[in-house]
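Shared between the two complexes below is chain A, which has chain B as its partner in the first and chain C in the second.
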Partner chain A sequence: MIPLYREKDNLIYKLHPFTIAFFIFAIFFLSLIFTHPVYLLSLLAVVFILIVDSGNFKEWKGYLKIAIPLVLIIIIINALFVRVGSTVIYSGPRLPFIGKVRITLEALAYGAGMGVRLMTIISIFCFYTYTVQPDRFMKLFSRFGNKTVFIVTLSIRLFPLMISDYRRIMEVQRCRGVKIDSGGFRNRIKNTFPIVSVLLLSSLERSFQQAESMYARGYGSGKRTVYNRELWRIRDYMIITMTVIAIIAGVASYIKGFGTYSYYPVLTHFDISEFNLLYIVITALIFPAILDWGWKKWPILKLKI
Partner chain B sequence: MADIKIENLNYSYPETGKKALNGINLTIPQGQFVLIVGGSGSGKSTLIRSIAGLVPDFYGGTCSGKVEIDNVEIDKIERRKLVQKVGMVFQDPESQLVMTDAEQEIAFGLENLELPNNIMKRRIMEVTSALSLSGYKTSFIPELSGGQKQKVALASVLAMQPDILLLDEPTSQLDPIAGEEILTMVRRLNEENGITIILTEQKLERCFHFADRIIAMDKGEIIKDCTDVSNIANWAVRENKPFIPPLSKLFANINYPKIPVTVKEGREFLKNEFFLEEIESQEINTYENKEVHDDLPEGRPIIDIENLWFTYPNGSEILKNIDLKIKLNTFTVIMGENGSGKTTLLKNLNCLLKPARGHIRILGQDTKIITVEELSSMVAYLSQDPNDYLFLPTVREEVNFTLNNLGLKDDGIVDEILSKLGIEKFANSNPRDLSTGERQRVALASVLVTKPRLLLLDEPTRGLDYQLKENLGEILLNLRDEGTTILMIAHDVEFAAEYSDDIILMDDGGIVEKGSKYELLSNSTFYSPQISRLFHNYRRNIVTLKQGEEVLTMLKKA
Partner chain C sequence: MKRLTAYIALMVTSVLILVLSLMPDSPFNEINWALLSVLIVGIAILMFFISFEKRSVDPKEMALIATMASLAGISRIPFAAIMSVQPTTFIVMITGYVFGGQTGFITGAVAALVSNFFLGQGPWTPWQMFCWGFCGLLAGFIGKFSNNFNHKAFAVLAFVCGYLFGWAMNIWHWVGFVYPLTIKTFIATYLASFPFDTLHAVGNVVFSIVFGKSFYLILTRFKRRLHVNKERL
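Let's look at the complex of A and B:
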């Protein structure tokens, strides 16, 4: 939602929305096809670098509060339930549902690998939330479904409005003796009833007025065009090219079997030669951060790209 | 060219038997600036909606007669063509914007017309620079001020290049300065681009000086249509219409044959016809200094603020070192620009916010150790928007709701309050079906039912016509006389002058001045009512209509 988006002064915020959307898609896609722990960790590292570089480290830390417990849960569940591995590191008593506890190194490693993948996906989602202005992003797709896009835009606009309405109505109702912060859970729910009712009634009235204003400006009178003010710059072409290279290299390594890894039945060694394509993927993907660094260091880049 | 011709138009909204428009005949040539005045419910909004085709197309309802633009009936004009001829700006800036930023909003109408990108760009460029919106083209709309939002709404309509611009009370939700800016822009559009302007207003004095023609409406009918302001002013004061400024009223009340509409005109009358002579301004100042009397509170003050500071969690310091005592049974108005801390001060008083430093005592009770709910039987609070209160199916239940919350019994108090506020006949109607003024009185009743000692109001006069304001003023005065202390925020100098006892001026989080309205309002250029400006340098400390009448009656006799 838009209240989260704050434009910061770095290159990431000055890209065409398609570029950044494509980049995020690439990371998401690669994190799904890779199973190799080193590949996954590298992707996570790339996302981390970009989050720090775009100035969103603080925001990302907030996401960790949810992400880390989730990852731990995945590791634990995987270790407890999966019994295909062959290197037993702990063998314990019989538990209901699970049966005999048998924790293997392989299951633990697999859980960790998937944990890293989840972490990457959550982090890239965080990156998306803070660096992409939702309605600019949505406009990219308006060619395909104008109405849906419009509804999303309208809700983005109404969301902060409803939050401020809610606060105001709550204040007003508290002054009429509605108790918001006291009493049990059920009571509190009951006491928000007047606030929610007022909010709904007022929103209904407002939506009627909005519809009127839209009607008066010809909405629904036939086909529409889409106003486009986004510009393509050299930096967009550069980043898209690099991202395409990363995807090609990633897919190639997947086809060749480098990006995949079999945890079961026994963890295998990996050969350093498997990483040749990974270097290309990583370099290509941290390219926006490198470009941003150069952009800040040499002002001439700002003029030229 | 787009001439408007309305013939014998009748209209009623769906599900109401009442006629909202009754036998309207009207011809408006291209390029005219038409001001439609009337109190709330007079049908002026419905009339301009009929020119935009919103009535009956959008609203439904029954309609007879015809509306023509360029001799073509509007229901025969394709909607896409019609919206390019007629543009409409609505009252509430908040609820007519649908996109996330100004540029997108302006593009919205153009997208609906299926214009290509290059033409949209060009129109947006023109309209944003003409309305000086370029600075916040990409700002998020909810973060703009009310005036800026209204400008965006105006721009989004102008980008469609209409020949006719309809504005439905475009300034009633704005503070006076922002309102002035919008009106100036509208006037320029009329003068420099020849766009037909049809503007509705509750107050005659707001923009009559640029109107070519003034139409007065009442109960769905055009009751006066003329080009001369003093003609309509003369007529309206005699008919006791609600859209007449205090100044005109003053002259009408003393039965003076000529009615001025501006302060300038009025001052000329005073000089040339009442033969008043200017007092040396120096003399005023010395007089003024002598007049400063120390108003020590008699007994215990109801509000006692000591060294109050308030900072929001985001670090902005809104209230700075406020010391204030307010006596029992007084009517005080807080004035000041937007962002000067008025609302924050009020919220500190009813405990919605707690002082960061310093103390507030309400009748000796320190607010630090009490909650809003506990305080609510003693301090009532009426916010700007009465709709924030109303959710129950009847007015009576709405008023009872507060009593129940506070565990009080209805010992006839509900009926007493309802009749006091003149809304007893609506006791069993749905409050959401009532008009703005009535809704406000229901909200007021719902906070007054606890018999509070202190009543706080946040800009209650916004969007009310003169008649409704007068009603509100009378209600507040009665409450004060019955022992409720009143503290209210207002931008409305005229209201403050007529009804309050004391004025507090706030700026940048501090109290700049506090004193009786007679001293404070009569000696100011911008924060002074029409009557004071009329008598400025002629007579001292004249603030209310009644004082003005006394002076003029005496002069007339002499």
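Let's look at the complex of A and C:
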């Protein structure tokens, strides 16, 4: 159930952590500034292609279980409570608090548009979860605040350790005849209680030992050194350039008013010329997938970039 | 103190922009709140972390924060199926109560960040970081006024925090995906989350009654070990 980062053999996993984080930030940013349904849908398509390309389609399907109810809630809230639209589809009885039910086409369309936005955001974070290794990502910030980064990486490391600790304590308790899985609710809570206390005590004890060992090794005594560095390769520069182009094109289309769409009071029509900048955004954002395709097809590309 | 002033200034400015955006004729009416709200929350968290970086912290305290944060984060997992009931808020709050507001804030923020590495990152991460951090901060504030474990005050605060957490989390939902941003849609979003918030609040109270005293005793023991006064030895 817990999503875990697993390294796969494609280009996406061989990038500098900054590149992939910047790329994900760009899509997140663009999905927040666009309100035009076509723009949002094409962003979703881009994310979808990247998820499939990086081999995470199965994991993404698990995310749908959370995403679809949220999207439905958004559509329902918008449809029920927003009465700015003018094309009435259904007008129903009076309800307490809400008032007269008046569902308009515009509110439904807005809800759907925002649903697509939420889907895009959830998908891009799903992409993030599966393609960025937490430790490598956190190391990006170690230059600015090494205490915070140290705390975060230490807690990431403690996570699996504590889970195995918990299992160990459970087993010990079971061997001693404490019933944890059977008996009444009250009884079970009473029996779990010592496990939690022991877990807290032993992990705090270990944290102090860890701190003492850090102190003995001279933590914080001088300037921090770096154990391993991430390499910047040509592929990183290429993808960052394309992402910057996508952001510029996206912001330009936002300023010109192409990326925004007014749902209220009446759905406006749009013509195809509004999408000129969108083509640039999509081509630039889909570039990692294209590069990955080329990388698999021509080994020479793999060597060169 | 300087940072606190800056912090209050940031909050006042954001509330001011919010009020302005509700008025029809102001230039802020068409502002992109989805983007701005993430920015404001991000800056708020950043300021706490910067002040933490500036302070001299010894390795023991850092290891302790990491331990409490990952304990709080882990406790989310077995409860992930029952939405909104988890001991995370309680663990963050008791840490703040014993070790002070700043430690509480960092613990809460790191717990949210780290557990989301395992449960799934999202745009909710900065909001959760802020909310749990704030719970720790509040608990640290009431912890200042009592020498012993005041279980009544703590339980009441835990109950309030359950609601505060949900209300703050609703803001991103409302700002990002609901239009128009009116009082009515605001109340609707809050009504929709009310059952979950109540569950969260009641769960917090139960956890603080069941585990409060023993957690407090264990943590105070470690707090005493944290700072050894060399003159008294």
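FYI, the second predicted complex is superposed on the first by the 281 of 305 C-alpha atoms of A that agree within 3 Å, B and C clash if a C-alpha of one lies under 4 Å from a C-alpha of the other, contacts with A are read in each partner's own complex, and residues count from 1 in each chain.
Here, a residue touches a chain if its C-beta (ideal position, glycine included) is under 8 Å from a C-beta of that chain, and two chains touch if they have at least 3 such contacts.
Note that the structure is predicted; figures quoted are calculated from it, not measured.
Of the two partner chains placed by the overlay, only chain C lies in contact with A:I121; chain B stays clear of it.
Contact with neither chain B nor chain C is seen for A:V52 once the two complexes are overlaid on the shared chain.
Once the two complexes are laid over each other on the shared chain, residue contacts for A:Y219 go to chain B and to chain C alike.
The wider contact with chain A, measured as residues touched, comes from C rather than the other of chain B and chain C. Residue contacts after overlaying the shared chain place A:N228 against chain B, while chain C stays out of touching range. In the superposed pair of complexes, A:I255 makes contact with neither chain B nor chain C. Once chain A of one complex is fitted onto chain A of the other, the partner contacts of A:I73 are limited to chain C, with no touch recorded for chain B.
By the document's definition of touching, both partners, chain B and chain C, reach A:L201. When both complexes are overlaid on chain A, the residue A:S155 reaches chain C alone and has no touch with chain B. Residue contacts after overlaying the shared chain place A:I169 against chain B, while chain C stays out of touching range. Comparing the two interfaces of chain A, the one with chain B and the one with chain C have residues 2, 154, 156, 197, 201, 206, 210-212, 214-215, 219-220 in common. Across the complex, chain A meets chain B through its residues 2, 135, 153-154, 156-157, 160-161, 164, 168-169, 171-179, 182, 194, 197-198, 201-202, 205-206, 209-229.
Partner chain C is touched in their complex by these residues of chain A: 1-4, 28-29, 32-33, 63, 66, 73-74, 77-78, 80-82, 84, 97-98, 110, 114, 117-118, 121-122, 125-126, 128-129, 134, 144-145, 147-148, 150-152, 154-156, 158-159, 162-163, 166, 189, 193, 196-197, 199-201, 203-204, 206-208, 210-212, 214-215, 219-220, 263-264. Across the complex, chain A is touched by residues 52, 54, 57-58, 78-80, 83-84, 87-88, 90, 92, 94-101, 103-104, 107-117, 120-121, 124, 140-142, 153, 156-157, 160, 347, 350, 352, 372-373, 376-377, 379-381, 383, 385, 387-391, 401-402, 405-406, 432, 446-447, 450 of chain B.
The touching residues of chain C, when paired with chain A in their complex, are 32, 34-35, 38, 49-50, 52-53, 57-67, 69-71, 73-74, 77, 80, 106, 110-111, 113-114, 117-123, 176-180, 184-185, 188-189, 191-192, 210-211, 214-215, 218-219, 222, 225.
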